[in-house]
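There are structures below to look over.
Next, two complexes with chain A in common: one pairs it with chain B, the other with chain C.
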Partner chain A sequence: MDFICNFPFFSIVLCLLSAVVCSVLSGKAARRLTLCVEFVLVCLALTLLVYTVRTGESFNYTMGHVGAPWGNELRIGVLEALMASAFMIVLFASVLGGGTYIVRDITEKKRNLYYILLNLMGAALSALVYTNDIFTGYVFLEILTLTSGGILMIKSTGKTTLAATRYLIINLLGSGLFLLGVILMYDLTGHLLMEFMHGTVSELEATGEYAMPLRVTTGLICAGLSIKSGLFPFHRWMPDTYGNATPTSASLLSGVVSKGYIFLLIKILYRVIGTDSPAVGAAQNVLFVFGLCGIIMGSVSALRQESVNRMIAYSSAAQIGYIFVGIGLGGHMGFCAAIFHILTHAVTKPLLFLSAAKLTEASGGSPVFSNLTGAARRAPFSAFMFTVGALSMVGFPAFAGFISKLFFSVAAVTHSSAQSVVTLCVLAVSTLLNAFYFFRTVIRIYTPSEDVSPLVYKDWGFMVSSSLFLILNLVFGLWSQSIYRIIVSGLRMLA
Partner chain B sequence: MKGLLANYEEAAAIILFCIGFSTLLFHRNMLKKIIGLNIMDTGLYLFLASMGYIDGARAPILTDVNAINMADYINPVPSALVLTGIVVSVSVTAITLSLTVRLYSKYRTLNLDEIYAIARRTEKEEF
Partner chain C sequence: MKLDKERFNAWLNDDPDRLNGMEEMAEIPYPPRERIKEKRQELQERIDAQPVGQISFLSRKFWQRVYSVFAVICCAVMTVVLLSTVAELPRFGEYRDTINELTERYIVSGLKETGAVNIVAGIILDYRAFDTLGESFVLFCALNCVLILLRIDSSDDVRHHELYFNLAHDDILRKSALFSIPIVFVYGIYVLLNGHLSPGGGFSGGAVIGAGIILLSIAYGERASGALISEKVFKTVCCCALAFYGVAKSYSFFTGANHLHSIIKPGTPGEILSGGLILPLNIAVGMVVACTIYGMYRMFKKGRF
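On to the complex of A and B.
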């Protein structure tokens, strides 16, 4: 076994260790340590990506000395490495870019606690992406929920406490359903490691036994994870949460945390139940319908908002809808589109949240639209970055958003007639709505106004991180073929 | 019906889960929501533990290595999962309780509807 095979384990333990160390550091030192650790995590994940692409096969890493089928395992293929790299880059860049707001929103005494939570979040995310054991998946899912609740409530105003309460309650409902699904799955198969579960599930399907319990279990797992990731009609916590949290927390929640849940769902659908199973087909139809509703409702609600934060939050709800439409269409292209959109959204939403926060700050602190008129004069760089994010979300060519919309259309066209027509119509309508509410904002910030008092200080963290997001957007948009090939080989390895 | 009676433990567990789930979803009082959360999780652990139990078998603690008969012991994995799950639900309960304390000290009520009403009122005053 190559030394590189230890990297997934290193990245989990490194996060946990640095979380412990952060508890005795000052806020400033904790920030430096967290940034270093996150940079190392990015490097580890990218190395794994290169390694798995080069070897062309996945590998299992046994935790402890007890091997399969009893022990606990990590499993790393191309797709896991790709997801981990994307998540870690977003984590690193969001923490780097939101530094000034962390100082503004969180009291000195609690600042190192914030970095502890971020480290734990890194550990939970890596474990969630890499794990091969479904119960470990559940445990780290709960850790992810708790840490994301923590990074919300740490800005201790009444509104954020209320938003965090709402967020946690919805998430706990989802976790309950997911746990019930996992327990039933264990009872049906007698295994916790994914490939052994899959073996038993395909035996059961061949004999036709337990068809109904399998269907119920699949439904429970899908319901639990989609509630947690904020699929319509469970998206109502998003605007309050993203609107009031400190920008780093908002970008992490929308860019990374909800995507972690969705990736776990894709992994379970592929590796435990099998995408050709009739139980999955039934669940996919339901997810498809709710995804479509989510796209429309999210976009319409975004149109009606009066503040930029809440608009971006509702737009997130719509993007989650897109991803679930991809999963619901299914087939090779549907999942490809869903995964590509996870990447697109993960590198675009944080850019929008961070630059909107900068524009708001330059305009006196209130995020309502009327206040933002002419903000581009006061913070030209942030206005440019906001425009880039908006173009990508709308689906302007050369940016990542264009390619993911293209993939969705291809997935729809290659699918059965009824679903493909509906999907194409919804895609067209939602692109129009997207363009409308994003360009309305962009035009507003570029409208000249009397009040020109530019932001005086240079925020290097924000500049570096937003440039990173811009570059990633262009990379996903211009070199989409190679990303596509990586996703395809990753999906093949998952099955 | 026969199946339900034979598996009365699992049936009871699922009923508990449903009670807890609906309390967590529909009740407006924060403390009752947290009680609902705990009932829901306990139902799940009962389900898991009763699935792993074999009538007449003992806990898998081996006293005599030479005379091992697998049929004498229950499956230890569900019990281990229950323990892990309890740890998770304790920490979740702790964090929701701390949120409740904060909400109460800010709004002086535990009813979520009232809290929303107060929050909306203060938001309007700010603008």
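On to the complex of A and C.
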């Protein structure tokens, strides 16, 4: 076994240990340590990506001296490495870019707690992506839920505490359903490692035994994870949480946390139950319908908001809808589109949240639209970055958003007639709505106003991180073919 | 004798004890529960006084009713579905090759492979140690969230905590705590150290010890428990235990995955120093659990150590 195969394990343990170390450090030192660790994580994940693409096959990593099926295992293929790299880059860039807001929103004595939670979040995300064991998935999903609740309420205003409470209630509902699903699945298959579960499940399906429990289990797992990721009609916590939280927290929650759950769902659908199973087919139809509703409702609600944060938050709800439409369409192209959109949204939403926070700050601190008129004169760089994010979300060519919309249309066209027509119509309508509410904001911030008092300080962290997001957007948009090839080979390895 | 009777009556009537710690008791006019009731009434009045906006009162009520009906229907459907699923699951004790593959191995060769007489300890700290590592970090994470929510940092923002139910000078509690605290601690340590030999282990032993520290703090005041666990001790113990857990288990993961020679041996099953890493890991987990439980208690009670 090559030494590189240890990297996923290293990245999880590194995060956990640095979380422990952060609890005795001051806020400033904890920030430095966290940024270093996250940078190392990015490097490790990228190395893994290159390695897996070169070798062209996945590998299992035994956690302990007892092999499968008795012990815990990690499993790394191309897709896992790609997801981990994307998540870690977003984590690093969001922490780097939101530094000034962390200082503004969090009291000095609690700042190191914030970095502890960020480290734990990194560990949980890597473990969720790499795990081959469904119960390990549950444990780290729990850590992810707790840390995301923590980074929400650390701002300690009444609104964030309320929002975090609602967030936790909905999320724990999702965790509970998922845990039920895991328990039932273990009862049916007697295994916790994904391939072994899949073996038993396909045996059961061939003999037709336990068809009903299998269906219910699939439903519970899908319901739990989609509730956690904020699929319609469980998206109402989004505007409050994203609108009030520290920009770093908002961009992490929308950019990576909900994506972590969705990726776990995709992994379970592929590796545990199998996408050709009838139970998955039924669940996919339900997810498809809710995804479509989510797109429309999210976009319409985004249109009606009066502050830029809440608008972006509702737009996130719509984007989650897109991803679930991809999963619901299913098939090779549908999943490919869903995964590509996960990447797109992960590199675009944080950019929007961070630049909107900068624009708000330049306009006196209130995110209400009327206040933002002419914000581009006060913070030209942030306005440019906001525009880039908006263009990408709307689906302007050369940006990532365009390619993911293209993939969705291709997935729809190659699908059965009824679903394809509905999907194409919803795509068209939602693109229009997207364009409407995003360009309305962009036009407003570029409208000249008399009140010009530019931001005086230079925020290097924000500049670097937003440039990073911009570059990633362009890479995904212009070199989509190679990303597509990576995703395809990853999906092949996953099955 | 008369004095004792008086004190007993005073204790029965919930009067603050006149001989002990009179100076610490604050004057509180009436019990907290009534104050909460008053506050709630005040809030309700404020809500009622607010002008009703676009949504008329009637329609809001209507929607609330729709929601509750819908919630009942959802719960009923969920109950029916889950119960009928459970009815169709494999029967308890039914033997099938695939279902029993894991348990069979754990029972047959668990003792030889892990050196732990207690199979559960062998499973959670050896076969599935990665999950348990995650679980102990769930605790750490929960503790940090409680710290975020409840810790009071600035000195001028000290919460006026409730003295009404302060039991620190209650004779009966003190005397019974005097007898029970040593037993609780010894029992907790026993459960902790014998985790690999008998039912118990880090989580349960740690919970017992944590409860003992809380009892100490309730009966003898925070100064007594503070002498045992100050903020510094709390931080040091928690961090060292977690870091030790992380490092020790990483070593065993690393050697296991790379098929390297590991210096950790299962030892002779049944002896106190056996089971490889299970004993030290149990101690580490126990420390983390005890600290977490006590830390959460302190946060809820006072907001600081």
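Assume the second predicted complex is superposed on the first by the 495 of 495 C-alpha atoms of A that agree within 3 Å, B and C clash if a C-alpha of one lies under 4 Å from a C-alpha of the other, contacts with A are read in each partner's own complex, and residues count from 1 in each chain.
Heads up, the rule we're going with is that a residue touches a chain if its C-beta (ideal position, glycine included) is under 8 Å from a C-beta of that chain, and two chains touch if they have at least 3 such contacts.
A quick note: this is a predicted structure, and the numbers were derived from the prediction, not measured.
Of the two partners, chain B and chain C, it is C that touches more residues of chain A. Of the two partner chains placed by superposition, only chain C is touched by A:Tyr61; chain B is not. Once the two complexes are laid over each other on the shared chain, residue contacts for A:Leu16 go to chain C alone; chain B is not touched.
Of the two partner chains placed by the overlay, only chain C lies in contact with A:Thr107; chain B stays clear of it. Looking at the shared chain after the overlay, A:Leu474 reaches neither chain B nor chain C. Once chain A of one complex is fitted onto chain A of the other, the partner contacts of A:Leu146 extend to both chain B and chain C. Once chain A of one complex is fitted onto chain A of the other, the partner contacts of A:Leu180 extend to both chain B and chain C. In the superposition on chain A, A:Phe135 makes contact with both chain B and chain C. Shared-chain residue A:Val488: touches no atom of chain B or chain C.
Annotation: chain A residues 135, 139, 142, 146, 149-150, 153, 156, 161, 180, 187, 192 touch chain B in one complex and chain C in the other. Chain contact summary for the complex, chain A toward chain B: residues 135, 138-139, 142, 145-146, 149-150, 153, 156, 158-159, 161-162, 164-165, 168-169, 172-173, 175-177, 179-180, 183, 186-187, 192, 368.
Residues 1, 5-6, 9, 13, 16-17, 19-21, 23-24, 61-66, 69-72, 107, 109-110, 113, 116-117, 120, 123, 127, 133, 135-136, 139-140, 142-143, 146-147, 149-150, 153-154, 156, 161, 180, 184, 187-192, 199-200, 203, 210, 212-213, 216-217 of chain A are the ones that touch chain C when the two sit in their complex.
Every residue of chain B that touches chain A in the complex is listed here, in rising order: 17, 20-21, 24-25, 30, 33, 37, 40-41, 44, 47-48, 51, 77-78, 81, 84-85, 88, 91-92, 95-96, 99-100, 102-103, 106-107, 112, 115-116, 119, 122-123, 127.
Those residues of chain C that touch chain A in the shared complex are 81-82, 84-85, 88-90, 96, 98-103, 105-106, 113, 126-131, 133-135, 137-138, 140-142, 144-145, 147-149, 151, 153, 235, 238-239, 242-243, 246-247, 250, 252-259, 262.
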